Amino acid sequence: METGSDEMRDAFGELIGIELLESSDDVVRARVPVSDRILQPYGLVHGGVYPVVAEIVCSRATHDAVIGDGKGALGQSNSTTFLRPISAGHVNAAARARHRGRTSWVWQVELTDDEGRLCALTQVVVAVRELPGN
Amino acid sequence: METGSDEMRDAFGELIGIELLESSDDVVRARVPVSDRILQPYGLVHGGVYPVVAEIVCSRATHDAVIGDGKGALGQSNSTTFLRPISAGHVNAAARARHRGRTSWVWQVELTDDEGRLCALTQVVVAVRELPGN
Amino acid sequence: METGSDEMRDAFGELIGIELLESSDDVVRARVPVSDRILQPYGLVHGGVYPVVAEIVCSRATHDAVIGDGKGALGQSNSTTFLRPISAGHVNAAARARHRGRTSWVWQVELTDDEGRLCALTQVVVAVRELPGN
Amino acid sequence: METGSDEMRDAFGELIGIELLESSDDVVRARVPVSDRILQPYGLVHGGVYPVVAEIVCSRATHDAVIGDGKGALGQSNSTTFLRPISAGHVNAAARARHRGRTSWVWQVELTDDEGRLCALTQVVVAVRELPGN
(Lines give C-alpha, C1' and ligand atoms only; values in the text may rest on other atoms or scores of the structure.)
Protein backbone atom coordinates (compact mmCIF):
# COMPACT_ATOMS: atom_id res chain seq x y z
CA MET A 1 0.00 0.00 0.00
CA GLU A 2 2.67 2.45 -0.96
CA THR A 3 0.55 4.75 -3.07
CA GLY A 4 -1.59 7.74 -2.14
CA SER A 5 -5.28 7.69 -2.85
CA ASP A 6 -5.07 9.39 -6.21
CA GLU A 7 -3.31 6.43 -7.69
CA MET A 8 -5.33 3.79 -5.87
CA ARG A 9 -7.81 1.97 -7.98
CA ASP A 10 -11.00 0.91 -6.31
CA ALA A 11 -12.17 -1.95 -8.49
CA PHE A 12 -15.25 -2.64 -6.43
CA GLY A 13 -16.33 0.98 -6.58
CA GLU A 14 -15.93 0.88 -10.35
CA LEU A 15 -17.98 -2.30 -10.53
CA ILE A 16 -20.85 -0.57 -8.73
CA GLY A 17 -20.34 2.57 -10.84
CA ILE A 18 -19.76 4.99 -7.99
CA GLU A 19 -18.84 8.61 -8.79
CA LEU A 20 -17.12 10.72 -6.12
CA LEU A 21 -18.55 14.25 -6.28
CA GLU A 22 -17.19 16.25 -3.37
CA SER A 23 -15.00 15.74 -0.36
CA SER A 24 -14.73 18.42 2.29
CA ASP A 25 -14.21 18.38 6.04
CA ASP A 26 -17.95 18.51 6.53
CA VAL A 27 -19.32 16.05 4.04
CA VAL A 28 -18.31 13.54 1.39
CA ARG A 29 -20.72 13.22 -1.51
CA ALA A 30 -20.91 10.45 -4.10
CA ARG A 31 -23.55 8.93 -6.34
CA VAL A 32 -24.35 5.85 -8.38
CA PRO A 33 -26.37 6.16 -11.58
CA VAL A 34 -29.35 3.80 -11.60
CA SER A 35 -29.02 1.24 -14.38
CA ASP A 36 -30.36 -2.24 -14.98
CA ARG A 37 -27.37 -3.84 -13.37
CA ILE A 38 -28.12 -2.52 -9.87
CA LEU A 39 -31.87 -3.25 -9.96
CA GLN A 40 -33.54 -6.20 -8.29
CA PRO A 41 -36.21 -8.10 -10.19
CA TYR A 42 -39.05 -5.72 -9.16
CA GLY A 43 -37.33 -2.81 -10.95
CA LEU A 44 -36.10 -1.12 -7.77
CA VAL A 45 -32.52 -0.43 -6.79
CA HIS A 46 -31.30 -3.55 -4.98
CA GLY A 47 -31.19 -3.10 -1.22
CA GLY A 48 -27.59 -4.26 -1.24
CA VAL A 49 -26.54 -1.13 -3.13
CA TYR A 50 -27.13 1.23 -0.19
CA PRO A 51 -24.72 -0.32 2.32
CA VAL A 52 -22.15 -0.75 -0.45
CA VAL A 53 -22.19 2.90 -1.43
CA ALA A 54 -21.93 3.98 2.20
CA GLU A 55 -19.10 1.53 2.88
CA ILE A 56 -17.11 2.61 -0.18
CA VAL A 57 -17.42 6.31 0.63
CA CYS A 58 -16.63 6.04 4.34
CA SER A 59 -13.76 3.58 4.15
CA ARG A 60 -12.15 5.60 1.38
CA ALA A 61 -12.54 8.93 3.16
CA THR A 62 -11.21 7.53 6.44
CA HIS A 63 -8.28 6.01 4.59
CA ASP A 64 -7.46 9.31 2.92
CA ALA A 65 -7.53 11.08 6.27
CA VAL A 66 -5.28 8.70 8.22
CA ILE A 67 -2.83 7.37 5.62
CA GLY A 68 -0.58 10.39 6.12
CA ASP A 69 -0.01 9.22 9.69
CA GLY A 70 1.00 5.75 8.59
CA LYS A 71 -2.38 4.28 9.45
CA GLY A 72 -4.92 2.21 7.58
CA ALA A 73 -8.70 2.06 7.58
CA LEU A 74 -10.65 -1.18 7.95
CA GLY A 75 -14.44 -1.47 7.99
CA GLN A 76 -15.82 -2.54 11.35
CA SER A 77 -19.59 -2.35 11.00
CA ASN A 78 -22.25 -1.12 8.60
CA SER A 79 -25.84 -0.69 9.67
CA THR A 80 -28.37 0.37 7.04
CA THR A 81 -32.09 1.08 7.32
CA PHE A 82 -34.12 1.21 4.10
CA LEU A 83 -36.87 3.84 3.95
CA ARG A 84 -38.01 4.33 0.38
CA PRO A 85 -37.13 2.59 -2.89
CA ILE A 86 -35.37 4.26 -5.83
CA SER A 87 -36.09 3.18 -9.39
CA ALA A 88 -34.48 5.86 -11.56
CA GLY A 89 -31.94 8.67 -11.52
CA HIS A 90 -29.16 8.26 -8.97
CA VAL A 91 -28.51 6.90 -5.54
CA ASN A 92 -26.97 9.97 -3.89
CA ALA A 93 -24.84 9.62 -0.77
CA ALA A 94 -23.86 12.32 1.73
CA ALA A 95 -21.51 11.03 4.44
CA ARG A 96 -20.67 12.96 7.59
CA ALA A 97 -18.01 11.90 10.09
CA ARG A 98 -19.58 12.12 13.53
CA HIS A 99 -16.59 10.82 15.49
CA ARG A 100 -12.93 10.89 14.49
CA GLY A 101 -11.33 8.79 17.20
CA ARG A 102 -7.84 7.39 17.51
CA THR A 103 -9.00 3.82 16.90
CA SER A 104 -12.26 4.31 15.01
CA TRP A 105 -14.25 6.78 12.94
CA VAL A 106 -18.04 6.79 12.96
CA TRP A 107 -19.98 8.05 9.94
CA GLN A 108 -23.64 8.71 9.26
CA VAL A 109 -24.66 8.50 5.63
CA GLU A 110 -27.87 9.77 4.05
CA LEU A 111 -28.90 8.13 0.81
CA THR A 112 -31.38 10.15 -1.25
CA ASP A 113 -33.04 10.06 -4.64
CA ASP A 114 -32.74 12.86 -7.19
CA GLU A 115 -35.71 14.66 -5.61
CA GLY A 116 -33.80 14.81 -2.33
CA ARG A 117 -36.06 12.35 -0.51
CA LEU A 118 -34.35 10.29 2.17
CA CYS A 119 -34.29 6.66 0.98
CA ALA A 120 -31.84 4.98 3.37
CA LEU A 121 -29.71 5.79 6.39
CA THR A 122 -26.42 4.06 7.13
CA GLN A 123 -24.12 4.16 10.11
CA VAL A 124 -20.59 3.04 9.32
CA VAL A 125 -17.79 2.39 11.81
CA VAL A 126 -14.29 2.25 10.35
CA ALA A 127 -11.41 0.97 12.47
CA VAL A 128 -8.13 2.88 12.28
CA ARG A 129 -5.06 0.69 12.66
CA GLU A 130 -1.30 1.05 12.50
CA LEU A 131 -0.02 -0.25 9.19
CA PRO A 132 2.60 -3.00 9.37
CA GLY A 133 6.01 -1.41 9.04
CA ASN A 134 5.09 1.85 10.75
CA MET B 1 -43.91 -9.14 -11.15
CA GLU B 2 -45.89 -11.92 -12.73
CA THR B 3 -43.10 -14.47 -12.89
CA GLY B 4 -41.93 -17.04 -10.40
CA SER B 5 -38.40 -16.94 -9.09
CA ASP B 6 -36.98 -19.37 -11.62
CA GLU B 7 -37.48 -16.92 -14.40
CA MET B 8 -36.44 -13.83 -12.45
CA ARG B 9 -33.07 -12.45 -13.31
CA ASP B 10 -31.11 -10.84 -10.55
CA ALA B 11 -28.79 -8.50 -12.39
CA PHE B 12 -27.18 -7.16 -9.26
CA GLY B 13 -26.41 -10.66 -8.00
CA GLU B 14 -24.79 -11.43 -11.33
CA LEU B 15 -22.74 -8.25 -11.15
CA ILE B 16 -21.35 -9.35 -7.78
CA GLY B 17 -20.88 -12.90 -9.05
CA ILE B 18 -23.00 -14.66 -6.46
CA GLU B 19 -23.62 -18.41 -6.76
CA LEU B 20 -26.60 -19.96 -4.99
CA LEU B 21 -25.54 -23.32 -3.57
CA GLU B 22 -28.34 -24.70 -1.44
CA SER B 23 -31.72 -23.65 -0.21
CA SER B 24 -33.53 -25.67 2.43
CA ASP B 25 -35.91 -24.82 5.24
CA ASP B 26 -32.99 -24.60 7.62
CA VAL B 27 -30.35 -22.70 5.72
CA VAL B 28 -29.67 -20.93 2.45
CA ARG B 29 -26.09 -21.11 1.23
CA ALA B 30 -24.41 -19.00 -1.42
CA ARG B 31 -20.90 -17.84 -2.25
CA VAL B 32 -18.95 -15.26 -4.21
CA PRO B 33 -15.59 -16.17 -5.73
CA VAL B 34 -12.88 -13.70 -4.74
CA SER B 35 -11.55 -11.86 -7.78
CA ASP B 36 -9.86 -8.52 -8.38
CA ARG B 37 -13.15 -6.79 -8.94
CA ILE B 38 -14.41 -7.23 -5.39
CA LEU B 39 -11.13 -6.31 -3.67
CA GLN B 40 -10.38 -2.96 -2.11
CA PRO B 41 -6.99 -1.36 -2.71
CA TYR B 42 -5.26 -3.26 0.14
CA GLY B 43 -6.00 -6.59 -1.56
CA LEU B 44 -8.79 -7.61 0.80
CA VAL B 45 -12.41 -8.29 -0.10
CA HIS B 46 -14.18 -4.93 0.05
CA GLY B 47 -16.27 -4.51 3.20
CA GLY B 48 -19.24 -3.62 1.05
CA VAL B 49 -19.36 -7.16 -0.33
CA TYR B 50 -20.53 -8.75 2.93
CA PRO B 51 -23.79 -6.83 3.39
CA VAL B 52 -24.52 -7.21 -0.31
CA VAL B 53 -24.20 -10.97 -0.27
CA ALA B 54 -26.38 -11.21 2.83
CA GLU B 55 -28.99 -8.87 1.36
CA ILE B 56 -29.16 -10.73 -1.93
CA VAL B 57 -29.56 -14.12 -0.27
CA CYS B 58 -32.14 -13.08 2.32
CA SER B 59 -34.33 -10.91 0.12
CA ARG B 60 -34.39 -13.60 -2.55
CA ALA B 61 -35.19 -16.40 -0.12
CA THR B 62 -37.94 -14.39 1.58
CA HIS B 63 -39.40 -13.51 -1.80
CA ASP B 64 -39.43 -17.14 -2.87
CA ALA B 65 -41.23 -18.12 0.33
CA VAL B 66 -44.00 -15.51 0.24
CA ILE B 67 -44.64 -14.94 -3.48
CA GLY B 68 -47.03 -17.90 -3.55
CA ASP B 69 -49.30 -16.00 -1.15
CA GLY B 70 -49.35 -12.95 -3.38
CA LYS B 71 -46.83 -11.10 -1.25
CA GLY B 72 -43.57 -9.36 -1.95
CA ALA B 73 -40.33 -8.96 -0.03
CA LEU B 74 -38.63 -5.63 0.54
CA GLY B 75 -35.41 -5.09 2.47
CA GLN B 76 -35.91 -3.19 5.71
CA SER B 77 -32.53 -3.22 7.42
CA ASN B 78 -29.09 -4.78 7.10
CA SER B 79 -26.61 -4.72 9.94
CA THR B 80 -23.17 -6.19 9.33
CA THR B 81 -20.19 -6.58 11.67
CA PHE B 82 -16.80 -7.31 10.09
CA LEU B 83 -14.55 -9.71 11.98
CA ARG B 84 -11.75 -10.92 9.75
CA PRO B 85 -10.70 -10.03 6.19
CA ILE B 86 -10.79 -12.45 3.25
CA SER B 87 -8.25 -12.16 0.45
CA ALA B 88 -8.67 -15.37 -1.58
CA GLY B 89 -11.04 -18.24 -2.24
CA HIS B 90 -14.70 -17.44 -1.66
CA VAL B 91 -16.95 -15.38 0.53
CA ASN B 92 -19.32 -18.08 1.77
CA ALA B 93 -22.73 -17.18 3.17
CA ALA B 94 -25.04 -19.30 5.32
CA ALA B 95 -28.36 -17.58 6.06
CA ARG B 96 -30.84 -18.81 8.64
CA ALA B 97 -34.34 -17.37 9.10
CA ARG B 98 -34.80 -16.70 12.80
CA HIS B 99 -38.28 -15.19 12.56
CA ARG B 100 -40.89 -15.72 9.86
CA GLY B 101 -43.52 -13.15 10.78
CA ARG B 102 -46.57 -11.95 8.93
CA THR B 103 -45.01 -8.55 8.21
CA SER B 104 -41.28 -9.25 8.45
CA TRP B 105 -38.68 -11.97 8.32
CA VAL B 106 -35.45 -11.75 10.31
CA TRP B 107 -32.32 -13.54 9.11
CA GLN B 108 -28.89 -14.10 10.60
CA VAL B 109 -26.12 -14.66 8.10
CA GLU B 110 -22.66 -16.04 8.74
CA LEU B 111 -20.00 -15.12 6.24
CA THR B 112 -16.96 -17.39 6.29
CA ASP B 113 -13.77 -17.96 4.34
CA ASP B 114 -12.88 -21.27 2.71
CA GLU B 115 -11.28 -22.47 5.97
CA GLY B 116 -14.61 -22.00 7.72
CA ARG B 117 -13.49 -19.04 9.84
CA LEU B 118 -16.20 -16.56 10.68
CA CYS B 119 -15.39 -13.30 8.85
CA ALA B 120 -18.60 -11.28 9.16
CA LEU B 121 -22.05 -11.51 10.72
CA THR B 122 -25.12 -9.89 9.24
CA GLN B 123 -28.63 -9.47 10.52
CA VAL B 124 -31.16 -8.78 7.79
CA VAL B 125 -34.80 -7.76 8.25
CA VAL B 126 -37.02 -8.18 5.19
CA ALA B 127 -40.48 -6.61 5.16
CA VAL B 128 -43.31 -8.74 3.75
CA ARG B 129 -45.99 -6.72 1.98
CA GLU B 130 -49.14 -7.34 -0.01
CA LEU B 131 -48.44 -6.91 -3.69
CA PRO B 132 -50.60 -4.37 -5.50
CA GLY B 133 -53.47 -6.20 -7.12
CA ASN B 134 -53.77 -8.87 -4.46
CA MET C 1 -54.91 2.74 26.05
CA GLU C 2 -57.56 5.39 26.12
CA THR C 3 -55.49 8.10 27.74
CA GLY C 4 -53.30 10.77 26.23
CA SER C 5 -49.65 10.91 27.08
CA ASP C 6 -50.01 13.31 29.99
CA GLU C 7 -51.75 10.72 32.04
CA MET C 8 -49.63 7.78 30.97
CA ARG C 9 -47.09 6.62 33.47
CA ASP C 10 -43.86 5.29 32.15
CA ALA C 11 -42.62 3.14 35.00
CA PHE C 12 -39.49 2.05 33.17
CA GLY C 13 -38.53 5.64 32.39
CA GLU C 14 -38.95 6.48 36.06
CA LEU C 15 -36.79 3.53 37.04
CA ILE C 16 -33.97 4.85 34.85
CA GLY C 17 -34.60 8.40 36.09
CA ILE C 18 -35.26 10.00 32.72
CA GLU C 19 -36.32 13.66 32.55
CA LEU C 20 -38.10 14.95 29.45
CA LEU C 21 -36.81 18.44 28.69
CA GLU C 22 -38.22 19.59 25.38
CA SER C 23 -40.37 18.23 22.62
CA SER C 24 -40.75 20.13 19.37
CA ASP C 25 -41.24 19.12 15.77
CA ASP C 26 -37.50 19.27 15.24
CA VAL C 27 -36.05 17.58 18.27
CA VAL C 28 -36.97 15.80 21.46
CA ARG C 29 -34.57 16.32 24.36
CA ALA C 30 -34.30 14.32 27.56
CA ARG C 31 -31.62 13.50 30.10
CA VAL C 32 -30.70 11.08 32.84
CA PRO C 33 -28.71 12.27 35.86
CA VAL C 34 -25.65 10.13 36.48
CA SER C 35 -25.90 8.35 39.82
CA ASP C 36 -24.44 5.19 41.28
CA ARG C 37 -27.36 3.11 40.13
CA ILE C 38 -26.63 3.52 36.42
CA LEU C 39 -22.87 2.99 36.68
CA GLN C 40 -21.08 -0.22 35.82
CA PRO C 41 -18.34 -1.48 38.13
CA TYR C 42 -15.59 0.68 36.51
CA GLY C 43 -17.42 3.86 37.50
CA LEU C 44 -18.69 4.66 34.00
CA VAL C 45 -22.31 4.93 32.89
CA HIS C 46 -23.39 1.41 31.94
CA GLY C 47 -23.50 0.87 28.19
CA GLY C 48 -27.05 -0.37 28.51
CA VAL C 49 -28.23 3.08 29.54
CA TYR C 50 -27.70 4.63 26.11
CA PRO C 51 -30.05 2.41 24.10
CA VAL C 52 -32.61 2.61 26.88
CA VAL C 53 -32.70 6.38 26.90
CA ALA C 54 -33.00 6.49 23.11
CA GLU C 55 -35.74 3.85 23.11
CA ILE C 56 -37.77 5.60 25.78
CA VAL C 57 -37.59 8.98 24.06
CA CYS C 58 -38.36 7.74 20.55
CA SER C 59 -41.14 5.30 21.37
CA ARG C 60 -42.83 7.90 23.54
CA ALA C 61 -42.55 10.68 20.96
CA THR C 62 -43.80 8.43 18.17
CA HIS C 63 -46.70 7.33 20.33
CA ASP C 64 -47.64 10.91 21.12
CA ALA C 65 -47.61 11.78 17.41
CA VAL C 66 -49.75 8.89 16.15
CA ILE C 67 -52.17 8.19 19.01
CA GLY C 68 -54.53 10.91 17.76
CA ASP C 69 -55.03 8.83 14.59
CA GLY C 70 -55.92 5.73 16.55
CA LYS C 71 -52.49 4.20 16.09
CA GLY C 72 -49.90 2.77 18.43
CA ALA C 73 -46.11 2.76 18.45
CA LEU C 74 -44.04 -0.39 18.93
CA GLY C 75 -40.24 -0.53 18.94
CA GLN C 76 -38.80 -2.38 15.96
CA SER C 77 -35.04 -1.96 16.24
CA ASN C 78 -32.45 -0.06 18.23
CA SER C 79 -28.87 0.20 17.09
CA THR C 80 -26.40 2.00 19.34
CA THR C 81 -22.71 2.76 18.86
CA PHE C 82 -20.70 3.79 21.93
CA LEU C 83 -18.06 6.46 21.39
CA ARG C 84 -16.95 7.89 24.72
CA PRO C 85 -17.78 7.02 28.33
CA ILE C 86 -19.62 9.32 30.75
CA SER C 87 -18.88 9.21 34.46
CA ALA C 88 -20.60 12.30 35.89
CA GLY C 89 -23.25 14.91 35.15
CA HIS C 90 -25.99 13.76 32.79
CA VAL C 91 -26.57 11.53 29.82
CA ASN C 92 -28.22 14.02 27.47
CA ALA C 93 -30.31 12.81 24.53
CA ALA C 94 -31.38 14.74 21.44
CA ALA C 95 -33.66 12.72 19.15
CA ARG C 96 -34.57 13.76 15.63
CA ALA C 97 -37.17 11.98 13.49
CA ARG C 98 -35.59 11.36 10.09
CA HIS C 99 -38.52 9.51 8.54
CA ARG C 100 -42.18 9.70 9.50
CA GLY C 101 -43.68 6.91 7.43
CA ARG C 102 -47.10 5.35 7.49
CA THR C 103 -45.80 2.10 9.01
CA SER C 104 -42.58 3.18 10.68
CA TRP C 105 -40.71 6.16 12.06
CA VAL C 106 -36.92 6.32 12.02
CA TRP C 107 -35.05 8.37 14.60
CA GLN C 108 -31.43 9.33 15.08
CA VAL C 109 -30.40 10.09 18.64
CA GLU C 110 -27.27 11.84 19.81
CA LEU C 111 -26.19 11.12 23.37
CA THR C 112 -23.81 13.68 24.83
CA ASP C 113 -22.16 14.54 28.13
CA ASP C 114 -22.59 17.89 29.87
CA GLU C 115 -19.66 19.32 27.87
CA GLY C 116 -21.57 18.56 24.67
CA ARG C 117 -19.21 15.79 23.54
CA LEU C 118 -20.82 13.06 21.47
CA CYS C 119 -20.75 9.85 23.55
CA ALA C 120 -23.11 7.52 21.69
CA LEU C 121 -25.27 7.45 18.57
CA THR C 122 -28.48 5.48 18.31
CA GLN C 123 -30.77 4.72 15.42
CA VAL C 124 -34.26 3.71 16.48
CA VAL C 125 -37.01 2.34 14.24
CA VAL C 126 -40.52 2.45 15.72
CA ALA C 127 -43.32 0.56 14.00
CA VAL C 128 -46.67 2.34 13.69
CA ARG C 129 -49.66 0.00 13.89
CA GLU C 130 -53.44 0.27 13.97
CA LEU C 131 -54.69 -0.19 17.50
CA PRO C 132 -57.19 -2.99 18.02
CA GLY C 133 -60.67 -1.50 17.89
CA ASN C 134 -59.83 1.23 15.40
CA MET D 1 -10.84 -1.95 39.36
CA GLU D 2 -8.76 -4.06 41.60
CA THR D 3 -11.36 -6.69 42.39
CA GLY D 4 -12.35 -9.87 40.62
CA SER D 5 -15.85 -10.30 39.33
CA ASP D 6 -17.18 -12.04 42.40
CA GLU D 7 -16.83 -8.94 44.44
CA MET D 8 -17.94 -6.49 41.78
CA ARG D 9 -21.36 -5.02 42.26
CA ASP D 10 -23.35 -4.26 39.17
CA ALA D 11 -25.75 -1.60 40.38
CA PHE D 12 -27.40 -1.15 37.01
CA GLY D 13 -28.03 -4.87 36.68
CA GLU D 14 -29.63 -4.84 40.11
CA LEU D 15 -31.81 -1.90 39.14
CA ILE D 16 -33.14 -3.86 36.17
CA GLY D 17 -33.48 -6.98 38.31
CA ILE D 18 -31.27 -9.27 36.26
CA GLU D 19 -30.52 -12.78 37.50
CA LEU D 20 -27.48 -14.64 36.17
CA LEU D 21 -28.41 -18.28 35.67
CA GLU D 22 -25.56 -20.05 33.94
CA SER D 23 -22.20 -19.24 32.47
CA SER D 24 -20.31 -21.78 30.42
CA ASP D 25 -17.95 -21.60 27.48
CA ASP D 26 -20.88 -22.09 25.13
CA VAL D 27 -23.59 -19.87 26.49
CA VAL D 28 -24.34 -17.36 29.20
CA ARG D 29 -27.93 -17.36 30.46
CA ALA D 30 -29.69 -14.70 32.49
CA ARG D 31 -33.25 -13.50 33.00
CA VAL D 32 -35.29 -10.58 34.24
CA PRO D 33 -38.64 -11.18 35.96
CA VAL D 34 -41.42 -9.14 34.37
CA SER D 35 -42.84 -6.65 36.85
CA ASP D 36 -44.64 -3.33 36.58
CA ARG D 37 -41.42 -1.39 36.67
CA ILE D 38 -40.13 -2.69 33.34
CA LEU D 39 -43.43 -2.36 31.46
CA GLN D 40 -44.31 0.45 29.11
CA PRO D 41 -47.76 2.04 29.28
CA TYR D 42 -49.40 -0.60 27.00
CA GLY D 43 -48.55 -3.35 29.51
CA LEU D 44 -45.70 -4.83 27.48
CA VAL D 45 -42.06 -5.12 28.50
CA HIS D 46 -40.42 -1.85 27.49
CA GLY D 47 -38.32 -2.18 24.34
CA GLY D 48 -35.41 -0.66 26.17
CA VAL D 49 -35.16 -3.72 28.42
CA TYR D 50 -33.93 -6.04 25.66
CA PRO D 51 -30.73 -4.18 24.70
CA VAL D 52 -30.00 -3.58 28.38
CA VAL D 53 -30.19 -7.24 29.32
CA ALA D 54 -27.98 -8.17 26.37
CA GLU D 55 -25.46 -5.44 27.19
CA ILE D 56 -25.24 -6.40 30.85
CA VAL D 57 -24.72 -10.08 30.10
CA CYS D 58 -22.15 -9.64 27.33
CA SER D 59 -20.07 -6.90 28.89
CA ARG D 60 -19.92 -8.81 32.15
CA ALA D 61 -18.99 -12.11 30.51
CA THR D 62 -16.32 -10.50 28.35
CA HIS D 63 -14.92 -8.74 31.39
CA ASP D 64 -14.75 -11.98 33.35
CA ALA D 65 -12.90 -13.67 30.49
CA VAL D 66 -10.23 -11.02 29.90
CA ILE D 67 -9.61 -9.51 33.35
CA GLY D 68 -7.14 -12.26 34.17
CA ASP D 69 -4.92 -10.95 31.36
CA GLY D 70 -5.00 -7.41 32.72
CA LYS D 71 -7.58 -6.28 30.20
CA GLY D 72 -10.91 -4.53 30.46
CA ALA D 73 -14.15 -4.77 28.49
CA LEU D 74 -15.95 -1.74 27.10
CA GLY D 75 -19.19 -1.84 25.11
CA GLN D 76 -18.75 -0.82 21.49
CA SER D 77 -22.11 -1.41 19.86
CA ASN D 78 -25.48 -2.97 20.58
CA SER D 79 -27.94 -3.73 17.84
CA THR D 80 -31.33 -5.11 18.82
CA THR D 81 -34.28 -6.20 16.69
CA PHE D 82 -37.65 -6.63 18.39
CA LEU D 83 -39.80 -9.52 17.20
CA ARG D 84 -42.56 -10.21 19.68
CA PRO D 85 -43.67 -8.48 22.88
CA ILE D 86 -43.52 -10.05 26.34
CA SER D 87 -46.08 -9.15 28.99
CA ALA D 88 -45.55 -11.71 31.76
CA GLY D 89 -43.09 -14.24 33.12
CA HIS D 90 -39.45 -13.49 32.34
CA VAL D 91 -37.27 -11.96 29.69
CA ASN D 92 -34.80 -14.81 29.17
CA ALA D 93 -31.41 -14.16 27.58
CA ALA D 94 -29.02 -16.68 26.03
CA ALA D 95 -25.76 -15.08 24.87
CA ARG D 96 -23.21 -16.85 22.68
CA ALA D 97 -19.78 -15.44 21.85
CA ARG D 98 -19.31 -15.73 18.11
CA HIS D 99 -15.89 -14.08 17.93
CA ARG D 100 -13.28 -13.81 20.67
CA GLY D 101 -10.76 -11.46 19.11
CA ARG D 102 -7.75 -9.72 20.59
CA THR D 103 -9.44 -6.30 20.41
CA SER D 104 -13.14 -7.17 20.37
CA TRP D 105 -15.64 -9.87 21.21
CA VAL D 106 -18.85 -10.29 19.24
CA TRP D 107 -21.92 -11.82 20.87
CA GLN D 108 -25.31 -12.87 19.59
CA VAL D 109 -28.08 -12.87 22.16
CA GLU D 110 -31.49 -14.51 21.91
CA LEU D 111 -34.20 -13.07 24.10
CA THR D 112 -37.15 -15.37 24.64
CA ASP D 113 -40.33 -15.55 26.68
CA ASP D 114 -41.09 -18.38 29.11
CA GLU D 115 -42.63 -20.41 26.28
CA GLY D 116 -39.30 -20.30 24.44
CA ARG D 117 -40.53 -18.01 21.66
CA LEU D 118 -37.91 -15.73 20.19
CA CYS D 119 -38.84 -12.15 21.12
CA ALA D 120 -35.71 -10.15 20.30
CA LEU D 121 -32.25 -10.65 18.83
CA THR D 122 -29.25 -8.59 19.84
CA GLN D 123 -25.76 -8.38 18.47
CA VAL D 124 -23.27 -6.93 20.93
CA VAL D 125 -19.67 -5.92 20.22
CA VAL D 126 -17.46 -5.46 23.27
CA ALA D 127 -14.06 -3.83 22.89
CA VAL D 128 -11.16 -5.41 24.78
CA ARG D 129 -8.57 -2.90 25.97
CA GLU D 130 -5.42 -2.87 28.05
CA LEU D 131 -6.15 -1.55 31.50
CA PRO D 132 -4.12 1.46 32.59
CA GLY D 133 -1.18 0.23 34.65
CA ASN D 134 -0.78 -3.04 32.77
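As written, the chains take the letters A, B, C and D, and residue 1 is the first residue of each chain.
By definition in this document, contacts are C-beta pairs under 8 Å (C-beta built on N, C-alpha and C of every residue); 3 or more make two chains touch, one makes a residue touch a chain.
Here the structure is a predicted model, which means the values were calculated and not measured.
J.: Tell me which of A-D and B-D has more C-beta pairs in contact.
T.: Greater number of contacting C-beta pairs: B-D.
J.: Farthest from chain D by Cα centre, which chain is it? Let me know.
T.: A
J.: Can you give the whole-Å distance between the Cα centres of chain A and chain D?
T.: A distance of 32 Å separates the two centres.
J.: What whole-Å value do you get for the distance between chain A and chain B if each is reduced to the mean of its CA atoms?
T.: Result: the chain centres lie 20 Å from each other.
J.: With chain centres taken as the means of their Cα atoms, state the distance from chain B to chain D in Å.
T.: 28
J.: Can you list every residue of chain D that touches 2 or more other chains, as numbers and ranges?
T.: Residues 77, 79, 81, 125.
J.: So in the complex, the part of chain A that touches chain D is made up of which residues?
T.: 77, 79, 125
J.: Once bound in the complex, which stretches of chain D touch chain B?
T.: Where chain D meets chain B, its residues are 77, 79, 81, 83-84, 98-99, 101, 106, 108, 118, 121, 123, 125.
J.: Residue numbers of chain A touching chain B in their complex, please.
T.: 1, 8-12, 14-16, 36-42, 46-53, 55-56, 59, 72, 74-82, 85
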